[in-house]
Structures are given as C-alpha cells and as structure tokens.
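After the structure tokens below, expect a handful of questions from me.
The letters A, B and C name the chains in turn, as written, and every chain counts its residues from 1.
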Amino acid sequence: MRILEGEGVTKYFGGLAAISNVGFHVDQGEIVGLIGPNGAGKTTLFNLISAALVLNSGVIKFKGEKISGLKPHQVCRAGVARTFQSVKIFGNIPVLGNVLLGSLFGTSTGMSSADAAREAMESLEFVGLSTMRATPAKDLTLANQKRLEVARALATQPDLLLIDELIAGLNPTETAQAMELVTRIRDRGITILMIEHVMKAIMSICDRIIVLHHGEKIAEGTPQEITASKTVVEVYLGDQAYAGS
Amino acid sequence: MDKTTVLSKKPLFLGLLFLLFILFAFLPLYGSVYSVILVTAIFMHIVLTVSWVIFSGPTGYISLASAAFFGVGIYTSAILGKTFPLPIVICFGALTSFCLALFVGALTLRLRGIYFSMFTFGLVLLIQQLLLWYEVNITHTRGRFVIVINNATIYYVMFAILAATILTAYFISRSKYGLALQSIGEDEEASAHTGINVTVLKTIIFAVSALFAGAAGAIMATRWTYIDPFIAFNPLFSFMPVLMAIFGGMGQFYGSIIGAVIFAYLQEMLITRFPYYYMLIFGIILVVVILYLPGGLVGLLQKWRKGDLAEKHANT
Amino acid sequence: MIVEILDIVIAGLLLGGLYALIAMGLSLQYGVARVLNISHGEFIMLGALGAWFLFGFGVNPLVSLAICGPVTFIIGFLLYRTVFTRLRTSSASIGAYEGSSMLASFGLLFIIQSIALIAWGSGIKGYTYLAFPVNVGGALFAANRLVALAFAVFLGLVFYFFLVRTRLGKAIRAAAQDPATAGLMGVNINQVLALCFGLGAMMAGFAGLLISICYPVNTTMGLEYTIITIIVVVLGGLGSIPGSFIGGFILGLIGSIVTYLEPGLSLAAYYVLFMLLLLVRPTGILGK
C-alpha cells in the first residue's frame, strides 16, 4: 500500500526550480532513502511534505488523502512527523517536556495528560534517554539531541517519519546506534523516509532509494540497482569519487 | 531531602498568601485614603505587567501594545460609564481590548522579532492620533469626563482583576499551553511541526492577555475623572510593563510581580514630586538591569542562593 | 494651482531632507551595529537644544554644526563602547541582541531626556535665524528652511560618498555584510561598530540642529522623531542607506500632501503607511 505519494511536485525559489516535477511514492513499512548531491533539493522536498513550504504545483497525498495545502501542525497530526537537518530542540525545556509536547499536541485524537506523560516516557525509553528526562535539552550531546528529536517525533504517534540527516556529525559508535534505532522504529510499524549523506549507512539499511539531482528525480530503485546505475554513478557517486581523489 | 523541604514549604507559602489576602481585602476599612489609592495604583501595574508576561514572557515576542489595550479599556469606560452599571462597563472594556488584540494578533503575529515590536508600538500611536483627530474634527471636544466612583469600589474591582490576572497567568503557565508557548519562544518552526497550531495559540493568548489590560483601563478611568487621547494612550504604559517584568525577572512566575510592586511604589512616591528624576532613575535601572542582571532580581536571588549552597557544600 | 503644487512639493522636500538625514543615521546604527536605537530622537533633541543653547551666546547655528556634530558623535561612540559592546558580547544570538539592545536604548531615551529636562525644563524654545521670505516660483518660503534643506542634502551626500568612496566607509560596509569575516580580514569590529553608532548619533545631531533653525523645539520632541525615523527606515528597507535617503523624501512628500488635505491626520497617515508596510513588505522598497 502506498502511504505517501507525490505527483508533479514543483517548487520555485525566485525563478529557480528547487524541485521540478518530481513524482515519488513510499510504501507502507518501507525504509526509503533520499539521496543526492548538495543542493539537489532533498530538504526542500521534506519541507514540502511536512508543509514548512507551500508547493507551486503538484499534489502530495498521505494514505490517499491530499496533504499538500495543509498547515504544518495539521500534517503532523495526520501522522507525518519529522526531524531537522540542524537539530531544532527546545533548548531550555527539559528533555521530558520536549517529548511531552509531541504527545500532547501531535496526535490526532486528544490525549489525557496522564496518557501523554506515559506516551512521552515510553518514547524516551525507546530512544534511550529516560535517565536524562530532567536535563535541559540544550545540555545534551549532539547525538542525544538528535535522539531527542526522534523521540519527540515518535511521541506524536506518526505512521510516517521523515528523518533529515540523522548521522551527520556523529562518531562511528553513535552512527551504529543511530542506524539500529532506525530499524527498531521500522519494526514498530512506522514507515521511514530518510535523507542521508553517508552512503554506507544508507545502502545497508534502505529497502529502496530515490536519487535527486538539480531538483529532479534521476533514479529510483533498490540499493543494488542504484549502485549499478550509470547515471547515478556519474552525477552523484562520480562527484564523490572526484572529490575523494 | 529535597522533597521534604518542598512539602514543608507549601503550607507556609499558602498561609502567607492567605494572610496577604486578608490584609488587602480589608485595607479600605483600616487604611488611609492615600494608602488605598496607592495600593490601587500598584495593583494596576501588577495587572499590566503580569498580563504582558502571560504572552511575551514565554514566547519572547516583545509586545509594545499594552498601552493600546489599556487605553481602549479607558475609552470604553469613558463612553459607556454614564449609561451602564460598572460591572458591564468593565466587561465591555475587557472584551473590546480582547477583540482588538485578536484582530491585531491574527494580522501581525507572523512578524518576527523587532518588526512585531514596532508594529505594536505603531498601533498605540495610531489609535491615539485617530482619536485625537476624531475629537478635534468630529465631536469638537478634547477629552472626556468620566463618571466618578468612590475609591474603595475602585480598589476592590482592581483587586478582583488582579486576582483573575494572576490566577490566569498561573494556570496558563502550568498548563500544556504554557509549555507550548515556551516551545514557540525556543523554536517556532519545530513547534509547528510538533503539532502545535502556533498561529491560533499565539493569537488567543495575546488576546487573553489584552483582556486584563482592558479591564484595568476601564476601572482606572473612573479614578482619573478626566481623560484624553494622550492620557489614555500614553506610550509609557507600553514600556512600563516590559521594564517591570525584566527588572523582576521573567524566569520565575513571581519575578514580574516583585518587579511591578517595587517599581509601582517608586513611581507613586517619586513621580509627582520629582518627575524628571524619576524618569532618570527609571532609565538608569533599565540599562543596568539589561546589562548586568539578565535574569532580573529573581535571577540574582537564585544565583546568590546557589552560591550560598555551593559554599556550604564546600565547607562540609 | 501650480503655485499650490510647488508649495506642497517644496515643503515636502524640506521635510524629506530632514527625515532622510535622520533616517540615514538610524539605518547605519541598525544596519551595521544592529541596534534599533529608540533613543535616536534624543540625539536629535540634543542637536536642536544645543543649537538653541549656543544661539543664546550669540553663536551662529551654522557654526554650531561644527560643535554639536562632534559632541553627539562622542556621546554615541562612548555609549556604544560601554553599553552595547558589552551587550553584544554577552548575547546568545543576534535576535536576542536586537531585543535587548532595543530595550537598553529605551533606557537611554529616558536617561537623556530627563537630563535635558532637568537642565533646560520642558518649555518650547525657539530662536529667529534667517527668517526672511524667499520667493520660489511664486511660493514663499522662509530662507532658513531653504538653508536647512540645502544642508540636509549636502550632509546626506557627503555621508553617502564617505561610505562608498573611503577606506573606512568600505570597512563599515564590510562589517554590515558579515561582521565575522570582516573581523578576520583585519577590520577592528568593535571600533567600526562604535564608529557607526557614533556617526548615526552625529547625523541625528546635525538634523536636530537644522530642525531648530526652522521650527520651535523642546526637550520632549525626541520620541516623535524616533518613530518617524523608524517609519522611514522601514520604508527604505532596514539597514539600506540609499533606501533611507529616498524613503525620507517619500515620507516627507506624503506628509506634506496629507498636511495640505487634512492637517490633523498627518501623523496618523504615517502610522497607517508604516503598519501597512510592515504587513505587506517588511523588507522595504529597496530591501532584498
């Protein structure tokens, strides 16, 4: 079943097309990777799905219902949660409060405060932050701040989670933990669409990969197909190979 | 150990609150006329400050519209005071301010930072100028006389408004909406993506805070007997609450109340006798507090207490 | 009819010239030093009352320019070095700095104004200088107004060329673009920002002096001018110096037209324009 699909999604900044006529879909239960060189329009696409930006044309549907045109909080309550490329936590609010906001406001059906608190604690335990619940969020390490963002997103009880660069800036141990976290989230039945730059990580974890370049979708397929694709190697992996040499 | 001190402090605190309540509830019976008027003025400043803090404290949007909401209350009272009984007049004053804030909030709360401050300040002056023009050219009068009410009644009404303001502020800050407002102040974009309807929440809380400023204006008008656009829409009423809140410290709920009490007292003492010196002191304190006491008086107190504790620990 | 139009236009240009001068000062303070200086009008007041005070000793107002300008510059420079530098270094973010520096400038407003009130009282003050009429194409103007306009335009242009042509001006514009990088390139950022703030105060002082040549002044005149200045600066685009110059003239003309139609509404018209602008195009006419 298609949980998320976009048709002809287009976004202009000034006269420049940041995303032009992109069609995509995510199936229920998948982990889909969104990759592409810097400036390819990955985060822009996230912003369009989560309604941080309004698209110029096209349509985005979630569970068969149109969500493009909704406000950010409505998209969240519909069941699409997200994290941010540069972490956006509520620094002076304790860790538990951050997550509590998700369970209090992010769900479609209102929760009693006791249920919300339980839900928030559960999310914290799930990401492994329950011992730090009273710490102001700004005092956490970067890796923990990223986990907190995930916990906050999970507390809104999403069916689809958009993860924007979970690994960037983490050390190898933290990276392994983060990848493990992503699979555990999927095991809970939550579909995942993730942006990532670290190729090794994304190739090992994703069921399917969508490649963006200059705002256009240039390839789509399993990790094996993507690594074998000539176009992708040229525009994307090729870039990296040159940069690496 | 922490828990027991909190538990033993709570009845003490409630007892103190009750004592204060009794003390103020019977003030007109034993106090002088002057003390009743003075305390009314102090109450008014607390209402303005706390109502400002309800919205601007957690969100960080520096509103300079207090004078507009206060002034609208004043004018509503001046216009309706002769035809309606006092409670209705005050409700009307509060509601008119509420509606104005709802309208302004819906229009402007997407403006960030300094633009929002400028807009709200422009609002005060715009209303002032339009009223002035209206009075000079249409009604051909300057200002209005307001029906006079005895000081004790004004006192009790202001006391009731004060209680309502503080209770509302307390319950909002403790509720989930208080937490949501704080998250807006931290990162508005993340709040929206966490499912908070930021526009509606900001607009409603902004309007609720205007409710109390409007009510305070409606009752204060009867105390002043004569008003005109310059008295009613005095920009000072926009600056005062900000200063008092910053001076007291916004980190804690009671900070703004302490700030308002101290400043209102200073003002009432000094402004009639040494108005220029009062303004000078006002300015100096504002600059000093912003420079050296970002947490206000309460922040200073907490720092001092923490330092004290650390010292004790060091000694043991 | 033509005389009437000429009347309105020249009155508007005069007003606009003064507005432009004041707004360029604030634009520099906000655009580079990031202080939305609410006490800007108090420097105007200092310039105006300074000229009036010196006139009492028989000093020609145009000579006073050479005194009031440097004095307001030094006050502004020192204020920045003491108050705002400290605030800038202790603020967590640029947004927090803008908020707290605006509030600190409120404090300065009260301090400067009450010192002036204590020194000079609150009465309206004026003096007569070049008050004879001059005929401009059939419309009559007092000579002092034309002199003020000429000086306002002259000072505005000098200031603009200072920014565009000189080495120091380039350092200032670099600091406005990107303070961190400018610092790396060897620009002493604290010194440059203080300089900008001082220059902004100086422009206000000059403008105040020119105002005092034309109109009666008093110690509480500042706030109204501050607000007009903010309107002009927003109109021209916060931080854009040429925008402020043009915005000043536009607002002056609007003021002159509204005053001709309905004198009581000129300030109200400014505020309406201002609020509409904030809602529709907060970046101003020349903003990005």
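The rule is simple: a residue touches a chain if its C-beta (ideal position, glycine included) is under 8 Å from a C-beta of that chain, and two chains touch if they have at least 3 such contacts.
Just so we're clear, the structure is a prediction, and the values are computed from it rather than from any experiment.
Enquirer: Chain touch graph shape: choose line, ring, star, complete or other and state it.
Expert: Chain contacts: open path, no cycle.
Enquirer: Sort out for me whether B-C or A-B is joined by the greater number of C-beta contact pairs.
Expert: Greater number of contacting C-beta pairs: B-C.
Enquirer: Provide the C-alpha centroid distance between chain A and chain C, rounded to the nearest whole angstrom.
Expert: The separation of the two C-alpha centroids amounts to 49 Å.
Enquirer: Indicate the whole-number Å distance between the mean C-alpha point of chain A and the mean C-alpha point of chain B.
Expert: Those two chain centres are 42 Å apart.
Enquirer: Just how far, in Å, is the C-alpha centre of chain C from the one of chain B?
Expert: Computed value for the inter-centroid distance: 32 Å.
Enquirer: For chain C, jot down the residues that touch at least 2 other chains.
Expert: Answer for chain C, listing residues that touch two or more other chains: there are none.
Enquirer: In their shared complex, at which residues does chain C touch chain B?
Expert: Residues in contact with chain B: 36, 83, 86-87, 90, 95, 98-100, 102-104, 106-115, 117-118, 223, 227, 230-231, 234, 262, 264-265, 267-268, 271-272, 274-275, 278-279, 282.
Enquirer: Okay, in this complex, where on chain B does chain C touch?
Expert: 60, 62, 107-108, 111, 113-115, 117-119, 121-123, 125-126, 129-130, 132-133, 136-137, 235, 239, 242-243, 246, 276-277, 279-280, 282-287, 290-291, 294
Enquirer: Taking the touch rule as given, give the residues of chain B at its contact with chain A in the complex, in rising order.
Expert: For this pair, the touching residues of chain B are 176, 179-180, 182-183, 186-187, 189-199.
Enquirer: What does chain A use to touch chain B in their complex?
Expert: Touching chain B: residues 50, 52, 71-73, 75-77, 81-82, 84, 88-93, 97-98, 100-102, 104-107, 113, 116, 152-153, 156 of chain A.
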